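Chain lettering (A, B, C, D and E) follows the sequence in which the chains are written, and residue indices restart at 1 in each chain.
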């Protein structure tokens, strides 16, 4: 081993070390890099991507994960601020916050990354010694780990290699280096983010589930692999035992979670319910009535934003069968084809048997031993399950200052929460770092002048896995495209957005002298920028590309009409080829950015965001509607784990008020808004006399919170004995004597939630009920507490408190929407009548206190007002709708806008803080820049045609055009918003909107109808 | 005395003059004119003969005037500037005078849009004030408008119209002043229902001393029904019918409404009589000429003076 | 500016129906400004005519061209290379343009595509209103800068008729009473006295009463 | 006709409030004023109301005059002593401003200069008396002026919650009127019936009453006023109307316009308060039919 | 002809709402008629009358312009201008003889994938009932039934 001391430069500590190249680690690294901060990203695997790269699709959009993740992956590959170290593990950490020294060890890959082109020759000839499988799958996969792997390279297992010299010879690039001995070295950094992810529970030890003996019993991850287009069966759903398509598939939930089995974790793994629903829905979508899907569950934990709607969709639209039961066993008789599940349900004690072709075990997450070891090595305090312990109100800060965690390291969670936490970790880890500016265009080749060249169009068509290729014949489309005028090259391109494909496209541009490019793929809304950048790197002006959306507009929406979808795809390709022929090189316009921030809402979320950004030197305005800071948290006294909320909130308020960079504007009502990212102007009415004030800012953060729901139900507001959980929390803090006097307490869950009028789950009420139940029992262990619930949704570590409550004798009784509890006032008490499903009869409890779990709802009035003023979309139930529910949970679809906290959806204080920090990180991406790119879509006037008629001057919504001294209309590209209204109204056709020129639009029309005339 | 006009004589004599009108028929029905004229014999001092009233084609005002003259009545020849240019108008004026017509009213005329020939060109070579000027120059200077001498100038007694109720109100008196300055000898006003407002107008007229320079004949109209009242209130531009009059018409049974209308008309005349500067009345009983006598009688204006 | 609007398509179809190939000529001056005959309207009309004729089985070729101005011979010369190939010309200009094109190209039928309306001003986007009738002897100095000839329905030169109500003309509530406007303005300017002056009978010769008009600038005329 | 003359002639006056900038960028103020020229009778320029330091009303008023729009400026006792007040009032007259409104100055708690020292050398009534005295050619010290101003002075009535509070307000107004005020500006009108009742009581004041018309920009603003200022009497119905409107900001304009039309025959004018949305004034007047 | 008639419909979709809604329909896998071909524009107000007329001239059987909901336009009032323009062009289409019912203005928010799909279905059905545009070039009418 070669010892290398300190490979960093002078500013060695001005970096963040991110450990773990999964989704969370990548997000953290990207956030930091885009905020112009330096990152070292290490992963012990030979390619980054983590667990998510193995999933087929993700809920709730059922998008292909690779499509959504891979742009992020290749982004990370290109960033100048990120140094990527694969096959590298952390050996030790010395020093303190701001001044860490980390020893690392890189294992030998035996392949020189600089030379390897991932051609696959080595693997073809020596499959046994070339590593490419994820290793998680006990059945042999047949492809690379995933097609967009970063780095794009193989890895050699030298021990298994019998003939090294032969291996060296097959490599055309000469990349095999058997002398690679790896290295040990140290790096310095200022802070560390640990995002090592989770492992999955191994169900082999559970005999009664038959996992180790029955090939048709698989884990959920294996099921994902089977369903995946890049998986072992190329996306064919077949039974491992006989290769036939199953007819009945069952899912068994909570395998390895909620302390149910031997060796199982005590917590809830949080994401498995949604995963099972997704797998069932995707199965149903693909096979409809050919396959029957059944999920055996204990509590359906669809507590995330709009997840309850997903559950409804699974049940009602797709016919996924849901059975509340823990199956007793999975058995197979020798002469029997299927697997026999034995189970009982609530309504009967009789054992039921049912046969299935496949059984999927929803295995939970756990911390892998090596990760636990690493955490201990780094000196972190861990909880008994091996998760890093963090502060209640600072969810990503570990016990060791300067070391942060995100994702599964902190607690089991799903992707959007991981993304939010990853951004939060970036925010916290990067807050003491200086930006290190680098010239972004430094390595760009000069732009080729194509003005006098004859048209040479290259067409590249993505199959996007099954997404496009599954419906239509990509090869056929490519052949067809070749026949179109001026097309020089037309070829299928797999996942066009993968790094590999991008490189091939770039190569083709250079080799074939292409000067226009058409991509047949997904939406230009999401991928145009990526391909623009790609062709720019190949020396073309970035506006010489056109995207035909043959996925979102053809294969996805005409999946059952493959022939017509193919024909439509051809139409779309022809239109794009025609249009790209009319494209011209354009120049981007930019403007200096205003780095001030407007935070709307002064609750915990708003203040946290403001403080994080203010600490970074940005001036922050907090516009708060009420006359004081603090928001909803002021009414909460303790958390489930018993932490005091008040001191935390008071401290936040104090810090906020004292911060030199923060200006708090209370009693501020936003009334108008204009501008664009980096130069917004917002008008508000302030103070009791409501004077009008405008603030100029670069980004806008919505932290407007939510309202405590108070439905007129169960005598709420009528009987003194009835109150919400929030009010009970206050009583517990202020009047413990009253609480002590209660003999019987009933809690009703899901009041005003999960009903047709408000279909979503309020997420926080189950833990609130448990919290109050435990508190009440602490004050008076004699109190009898009944919790009437529909599903207990104590996700993550909340489950442990749920178990504790059960242990203490709190009685949990399930009710259904068909049999709602009945409440009647009796003097100062209330009589609550409900049906016990196990006993099957009605029970009446005379309660001294009825606590209603009413949850949070969106402040309909105010979100509607703000949505109108800021032009933001909302969900059906009035929360702001983020840009991408999975990967961009705190970004709003309007650039420059972010959302955090309960304005996004109901959540706990801790979760709100995470989002607040995440938003602070995301906002820095924009604020780190000095100029905003306005793009090239601006209106341009041809003065020789202009009649100076003033129609553009009057039509422009932003008062940009004017008649200049020469007597012609002039449009300042820096002010033009690019709507094209002037162009469409100009009677002299003197105005063209770049990128949307008339010729380009008419070309599309001409091409669309070309076929019909021919 | 500027002319031989009977109307002028009545006015100069200091009596309250009474005029009424007769719309010529829409066809060759000379008897019709004679019949209408008959109702007014001995009742009024001059009979206005309208000129394509409301822009509908009718027997020419000149011809109908001559018919009345032949009956021994005193026609008041109306002329609008809408249909003829200055040549035609001057020709007709000397023609009329040659046929014994010595009193005329100069108007601009309703817009063709309201009539049955909306496609017709509106001539408006002159406006009403310019017409007055022209007639006055013909009479007093013996000159055609183009400047040539007239052999035997027409001695016309020149009338003009005034609407005290149209907008802009401030301009109404000024416009009257202009007409007086242009040479109007007498004025017939728009139908008066809103006596209060009319009084205000007269006040300004008096302030300017116009009532001493021109004879003002107050226009009145008997309403036949509440429907007619409403129509005039709402549909006729420049007409001011107070709501209480409409209500009053509506408060009596339908068959009594004509009677009520006449009563209102007479009450109006009584009130107008008290206003300083009123030289007479112009009773516009459109297609109701037979009632004029009753009105004049009940208003105490009969018999007509012989001058 | 001279304002115009497109004739009903039906009428235009009848003009061009006998022809195989026509030239549609726009004008980048007044009619562009009033959105009646600029490049855009030329394009719209060409497409519209083609489609309308197609329905009766007639195909027609329409060449489109927009001149800087159709009332100047130098610009009209631009059409020379195009004119031979067409059977007829349709002009999207005011009457001047139509006549000038016809004068220059004597052997081609020339049809008007527009109805020339009036000399007007744009009150606001998309609304043009008559302001001048070109009477050749401007009265505006006496009428507070508001023309009673172009804007009074009866061209009254000495004050409003009896039909003026709340500032609107008797012919329509949408038409301002010109005299109300004049009076308001005179009042605002403190020039009320000006109203009392009688404007004498107008000499209409400069308005065209003396036959087709011509302006000759001796110093400029060639 | 000037504002003063219109008041005397009992003609309906339309006033609009426009704030001076916090800073020296007067372009918006000037543009707004120019746009409204001819459509309103005068522009009311508040001084540093709400305790927000801005360019002084005196300069703002002069700017308005320069644009050819008559100005009415606020004067109050919080920020200036009797010397400064008198000096500024004389200056105002010399620079062409003929109208003043003596307003009640708000306390400094919501100010952007909370540390500032309030002056209160004079009371409001005292200030009115001073103006009258100046009009007559004498200053507060009893010294003769070399040339006396002639200023029309108005006063305001504050928001009141009940009849008792109203009586107090009317009493105060009466005193100011006795001291020389010749018109009063009322608080914003949101409830027409209530305003009619108010007008019956206010008849006795004997001077023209000009209600404030407040532009409600959003639902949140309406709710805020309803909650924080019960005296404003924003009805649930009004709030519902805004909530249900497909276009909430133009709904406010419609409400303001309709209110103006409704008070046209009851009051002697309106003072429109748009608080930053002066560009909406023309639309309000359009709705009002003015 | 009518039975096999597959109309071709052009949908001009604004980038911010309608096009996003179309993408949304895609990610929700909402099936709609393949007859609808989308042309993306930054704002529905960018759709020129000429673009609409040209679409018909080239052979479209139906056209619709899809913008944001009232008050939601990213460019203030582009969608309302588009509405007015569509009304104007509808009148012209009547004059030409194509018929105003072949052109529509629709409005939706970015989240309304279902509405996008529904409108595509409805519009296709409506145009199918109306039959081919009377101005589909003669050459096209002569050719075999046009499937989409």
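Please note the rule applied: contacts are C-beta pairs under 8 Å (C-beta built on N, C-alpha and C of every residue); 3 or more make two chains touch, one makes a residue touch a chain.
Computed from a predicted model, the values in this text were never measured in an experiment.
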If a chain touches chain D and chain E alike, it appears here: A
Steps needed, at minimum, to go from chain C to chain D via contacts: 2
Distance-to-centre winner among chains (Cα means, whole assembly as reference): E
Chain separated most widely from chain A, comparing mean CA positions: B
Contact-richer chain pair (by C-beta pairs counted) among A-E and A-D: A-E
Gap in Å, rounded to a whole number, between the CA centres of chain E and chain B: 64
Centre-of-Cα separation between chain B and chain A, whole angstrom: 88
Centre distance in Å when chain B and chain D are each reduced to the mean of their C-alpha atoms: 53
Whole-Å separation of chain centres (CA-atom averages), chain C against chain E: 36
Chain D residues counted as touching two or more neighbouring chains: none
Contacts with 2+ other chains: residues of chain B: none
Numbers and ranges of chain A residues touching at least 2 other chains: 868, 955
Touch list for chain C against partner chain E, complex: 8-10, 40, 43-44, 47-48, 50-52, 54-55, 57, 59
Chain A-facing residues of chain E, complex: 8, 10, 15, 19-20, 22-23, 25-32, 34, 37-43, 45-51, 54-55, 58-60, 71-72, 74-78, 81, 85, 109-111, 117, 136-137, 139-140, 143, 146-148
Chain E contact footprint on chain A (complex, rising order): 61-63, 285, 523-526, 549, 551-554, 556-561, 564-565, 567-568, 571-572, 575, 868, 871, 873, 875, 881, 893, 937, 955, 957-958, 977-981, 983-985, 993, 996, 998, 1001-1002, 1004-1006, 1008-1009, 1012-1013
Chain B-facing residues of chain C, complex: 153-167, 170-171, 177, 179-180, 183-184, 187, 195-196, 198-202, 204
Contact footprint of chain C on chain E as seen in their complex: 48-50, 53-54, 56-57, 92, 95-98, 134-135, 137-138
